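Alright, structures below, take your time with them.
Two complexes are shown next, each including chain A; its partner changes from chain B in the first to chain C in the second.
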Partner chain A sequence: MFGYYISLALRSIRGTPILSALMIAAIAVGVGAAMTTLTLNHMMSQNPLDRKDSVLYAVQLDGWDPNEAYDSNNQMPWQLTYKDAQALLRSDIPTHQIAMHRTGFTVEKDNSDLRPFTADTRATTRDFFTLFDVPFIYGGTWNADADKSPVQQVVLSKETNDKLFDGENSVGKSISLNGEPFTVVGVIDHWNPVPKVYDLNNGPFNDSEELYIPFGLHRRFEMYSWGNTNGWKNDDSEGYEGFLQSENIWIQYWVQLDTAEQVEQYRDFLTGYIRQQKEQGRFERPLKFGLSHPSEWLVLNEALRDDNRVLGWLSLAFLLVCVVNAVALLLAKFLRKAPEAGVRRALGASRNAVFTQHLIESACIGITGGLFGILLAILGLQSVKHLAMGYIDQLAYMDWQMVLAAIGLAILASLLAGAYPAWRISRTNPSIYLKTQ
Partner chain B sequence: MLELRPMLSAIWRNKISALLIALQLALTLAIISNAAVIVGDRADKMKRPTGMAVDDIISLTFLAIPQDYDMSAAVTADMALLREMPGVMDAAPSNQLPLSGSGSASGYHTKPNEEIGGEGANQFQSDSHFINALGMKLVAGRNFTEADMHVVGPNDNYTPSIAIVTQQFADTMYPEGNALGKYFYGGGDDHPIEIVGIVERNLGSWVNWNNAGNVVVFPTLVVGNFKRYVIRAEPGQRDDVLKRVEDVLAERDPRRVFRIETMSHHKARSYAGDNTMVMVLSAVMGLLTFIVALGIIGLTFFWINQRRKQIGVRRALGATRTAISRYFLLENLIIAGTGIALGLAAAQIFNHMMVSSFKQPPLTLPVMLACALILLSVSIVAALVPALRAANISPATATRSV
Partner chain C sequence: MLKMHNIRKSYRTDTIETHALRDFSLEVAEGEFVSVTGPSGSGKTTFLNIAGLLETSTGGQYLLDGEDVSGLNDRDRSRLRNEKIGFIFQGFNLIPDLNLFDNIDVPLRYRGFNAKERRKRIEKVLEQVGLAARAKHLPAQLSGGQQQRVAIARALAGEPRFLLADEPTGNLDSLMARQVMELLEFINEWGTTIVMVTHDPDLARRAHRNIQIVDGQVSDMRNANSVAEAATA
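Coming up: the complex of A and B.
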């Protein structure tokens, strides 16, 4: 029976090509618009650290200006000062912990024709790779002493290793950063979390860094953050050492706490640290610190912006209009065929059978519309990607989840659109139509 | 107008279809009037004057490869080369690039040693060529001179003594309009900074900042291992200069890595989010209106087909073609009018949610009425095609099919 209904549906669609095309177009445009914005919003609200969400925490300390909160929402500063980061690193409570920031170096390879280039670089303590589960292709991270004293070692991203060493094992080889020799100790596999949850300072959808270097190199290279550095205190510190000891915030800090006990201990540790600093005249604001899971961190930092939510809701309203449009057109179409339905009913078809037949016809229109809708969504994503000028390059594609969602949405839309007209026609009294034949 | 009663009873017989059309129009009006108000808001934002000759400016950032780099000497040599380059009007070093989204800011006060409050301003460190290299207009006071310049390290404890500020910042600090020659101070600082010059405007580094347009310029060269230049080409020469500039600088000193962009590119990137909103919402408005129009055309055709016989009878009884067309147009107008009236209310409800949840601008009456009027015209035009076709139904139809 199902096959017969489908062939009936196809015949009916072919019988009214213009009306059918209008309905398919309405559903395609609605699904296309909705899927374009929903895909973007879906990608923007992902949590790439989902697997470790329950044990990872971003650390915030409120050591800001006693006179004013960091921002108007009474939010704590997003980053830490260098000296607080160094103090927290002395704790042995967390399973893993990292202090880090983004910076940049010029890169050269000796005896090579490769032009020197600038590379985004992450200065971090060695646990970065274990804490975030970053897979290595070759080698591994540097030794613990490299986080305290200047050791010129570097971990390359897969892309950088491809560029410099054609993807070969480069562990032990040397490259020049800012003109100084560094030894490659490891190469990580492609790793590019979207959104860039571990450092949202330069925009949530930026690429991961191209190089990773130890946290002990600050004084050696007088590194600054290629991100945000914020300050409030006008102190008389001089030189780079003065900057490191200042109240400027520019370091991101993450910890891994595996048990509830650890969390409890770490809270006590932070409370104790702030109390002790208060005695020294720092942290004059009310005692406050933050431990946020990656999922909470993304919400706090508003990775998904209001504009995207507006577009999401508007496109759903758009889809609703398209569905209403399709209901009106389907109703018109089915009522025109009412005599046929009347004959079927008179020949013994049940109301349910007539209803099913027409619902299947709506579903056929919906699926066709949905398929065109996916094409439109791909086009839509391409245009939005173009308009956004590189800000969302990593987001503007549909993963299989979104393709399935698009098909689901199209079928749902068409069934919603088809339900009333199909019900309406299944209720018509056959005798009226038989009389006029 | 005598047709009104039969018309209403005809609509009543098709009430579900009529309701669906009205509902579509109501939702559409709610969506497009809210989209229109956002589009208008963003378009206004993007239209703000930047105070600069954006189209002629090239920005250049370089990172020196050697750790110990004589930046001061490099800037002097580069500037001499750049300012002599054919096609270049002027060039200046800078710590940051306007409109790039990257910059530095501080809070300033009109009294010494203030700790609380202060007016945020975007700060630039450059020299006497900055105004000309960006195409800004000095409206009061004087430009910097070579004698004003100070070369300082990135962490030297140094506060400049003079500044050129934008009119907007001058007016915020001194609302009576007498800012020239007055002083301002950093937070908790008693070192006076004199306003020696005022430029008409400069939008500064961040277009989305609440204080965009508050800009102060200091006559300072901060040395380190990276530097930025702004280079203003003669009108129409920008792309030509852009091609040559890296070679000229690299030939003098190849031990550095350059990044060269146009200021138009920075501007477009800074506004990319707003531009995306404008384009996507405009597309939504256009498509939605189109879909609704198609729906009206489709449904009116259907009704007319359903009533071919009745139309034939009316024609046979002496109704003119105009009367038939008018009937369908009027019928459509009643449905569309109802839908749009509903839509006006829905638009207000939508807007209320937009304002309270998503910080979007409030819907103004003129925008809403303009959208309603446009939608009404579209629905009339959409009904026109089928209505004119209906008039062509011959009176014979009535007799033939009975």
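Coming up: the complex of A and C.
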């Protein structure tokens, strides 16, 4: 019977091509718009560190202006000063901990026709890779002493290694960064968390960095942040050393605390550190620090902003409008075919049979509309990508969850659109349509 | 075969209540050919619709084949309609975008026959009504008389025991009307019980029995021979 209904549906759809096209278009546009915004929202609200969420913490310290709280959701600076980061690194409580920031280097390779290029670089302590579970293809991270003294070693992203070494094992090879030789110690696999949880303040939807270098190289290369640096105090100290010792905040700090005791100890450690700094005239604000899990960090930083949420609801409302249109068109079409339904009833079709037949016709229209809607959503995401010029590359693709959601949404939309007209037609008294034709 | 006792049917709209049938009682025996006459608006179609389980009565008792159908749900009524009853209408009521084959296929689909059985039956009834060669034609490509023969074929395909015809010749000229009537008589001879509403006294007289409905009630029962005078009077 199902096959019979499908063939009737297709015959009916082909019988009124323009009306059918209109209904399919209505659903396609609605589904397309809804899926475009929902996909963006879905990708924005993911937590790529979900698996380690319970043991990872972003660290905040409130050493800000005593006269005015920092303008953030929890009134604490997002980032740390260099000297606080260095002080925290001396703790041996966390299983892993990292101080880091984004910067950039000019990359050259000797004896090659590759033109020099500027690479997004992350200056970080070595635990970065273990703390975030970053997989290596070749080699590994640098030695611990590289985090304190200037050791010119580098870890390449897979993409950079493909570019420089055609994807071959480059461990031990040398490249030049800002004209200085660096030895490759490792190559990581493709790794691109979306949103970029580990550095939400400096481009939450940027790609991951292309190079990773040790945190001990600051003085050697006088690195500044390729991101936000904020300050409140007019320091009179001069030069790069002055910058490192200033109250400017530009370092991201993460710790991994595996047990409740570790968390307890680390809290005590931070409290002690702030108390000690207070004695030296710093941290004049009330004693306050932050330890946020990645999931909390995403919420605090509003990776999914309220206006995106509103846009999501708006797009669903738009889909509803499209569905209502489709309902009106379907109702008109079904009522025009009511005499046929009357004949079928007379010949032995039950109300349920008439209902099912028409619901399947709606579903065919809805699924077709839904498929076109997915195409529209892909086009929509492409144009979002285009408009955003790389800013949200990572967001603008559909994962399988979203494709399933799109198909589900399309079927739901069509069933919603079809259920009422199908119900109406199945309830009408057949004898009314049988008297004359 | 069919037994109605004190059937009532009223239609209620916002402003007015119409009693289409009132205390309507009738028995039709197996194998009978009954003609139904009566003035316009007297309730003939209403009677057929209730007899054919297309509408429910608002009161009274209806036994079809000995089974009380008053309390059945839509599914069971539809099944009975599909298995036991064939309908023929004044307006033929073929589905315009289905060809003859697919039109006759409709009741067989709801019956749940397999493809082979359906084909066999469709070919047989098309043969019986003399339209075997036109199976792939659309209804609009046929004359009125031919369309009504297809409608009869469609009603017969499920081999119903009971055929209900509402002015089957009303839209046909007298020659085609006679052909359709002959076909119905032939079908009746093979055992199908027929109730036919008609305005044509000549056709009404050819039935075994004629009943007249006036104002929602069976006014008179006599044998068909005296109908002519009544209808022309």
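Everything below uses one rule, namely that the second predicted complex is superposed on the first by the 430 of 437 C-alpha atoms of A that agree within 3 Å, B and C clash if a C-alpha of one lies under 4 Å from a C-alpha of the other, contacts with A are read in each partner's own complex, and residues count from 1 in each chain.
Methods note: a contact is a pair of C-beta atoms (placed from the backbone, for glycine too) under 8 Å apart; a residue touches a chain by one contact, two chains touch by 3 or more.
In this text the structure is predicted, and so the values were computed from the model without any measurement.
> Assess the superposed three-chain arrangement around chain A: do chain B and chain C clash, or do they fit?
Aligned on chain A, chain C fits beside chain B.
> Please tell me which partner, chain B or chain C, touches more residues of chain A.
The partner making contact with more of chain A's residues is B.
> Look at A:338 in the shared chain and tell me whether it touches chain B only, chain C only, both, or neither; answer first, second, both or neither.
Touch partners of A:338: none, neither chain B nor chain C.
> Is A:405 touching the first partner chain B, the second partner chain C, both, or neither of them?
neither
> Identify the partner contact of A:349: answer first if only chain B is touched, second if only chain C is, both if each is, neither if none is.
In the superposed model, A:349 contacts chain C only, not chain B.
> Using the superposed model, give me the angle at chain A's CA centre between the CA centres of chain B and chain C, as a multiple of 10 °.
90
> In the superposed arrangement, which partner chain does A:310 touch: chain B (first), chain C (second), both, or neither?
The answer is first: A:310 touches chain B but not chain C.
> Should A:419 be classified as contacting the first partner (chain B), the second (chain C), both, or neither?
neither
> Return first, second, both or neither, reflecting whether A:430 touches chain B, chain C, both chains, or no partner chain.
Only chain C; A:430 stays clear of chain B.
> Applying the document's definition of touch, where does A:4 land relative to chain B and chain C: first, second, both, or neither?
second
> In Å, how small is the closest CA gap from chain B to chain C once the two complexes are overlaid?
Least C-alpha distance: 11 Å.
> Report the residues of chain A in contact with chain B in the complex, numbered from low to high.
Checking each residue of chain A against chain B gives 18-19, 22, 25-26, 29-30, 33, 37, 67-68, 104, 106, 108, 116-118, 176, 178-180, 221-222, 224, 232-234, 236-240, 242-243, 305-307, 309-311, 314-315, 317-318, 320-322, 324-325, 327-329, 331-333, 335-336, 383-384, 387-391, 420, 424.
> Going by the contact rule set out above, which residues of chain B touch chain A in the complex?
16-17, 20-21, 23-24, 27-28, 30-31, 34-35, 38, 63-67, 115-116, 153-157, 186-189, 225, 255-257, 259, 268-269, 272-273, 275-277, 279-281, 284, 287-288, 291-292, 294-295, 298-299, 302-303, 305-306, 350, 354, 357-360
> Going by the contact rule at the top, pick out the chain A residues touching chain C in the complex.
For chain A paired with chain C, touching residues are 1, 4, 11, 15, 339-340, 342-353, 429-431, 434-437.
> Within the complex, which stretch of chain C touches chain A?
Within the complex, chain C contacts chain A at residues 45, 49, 52, 54-55, 74-75, 77-79, 81-83, 87, 89-95, 97, 106-107, 109-112, 154, 158, 166.
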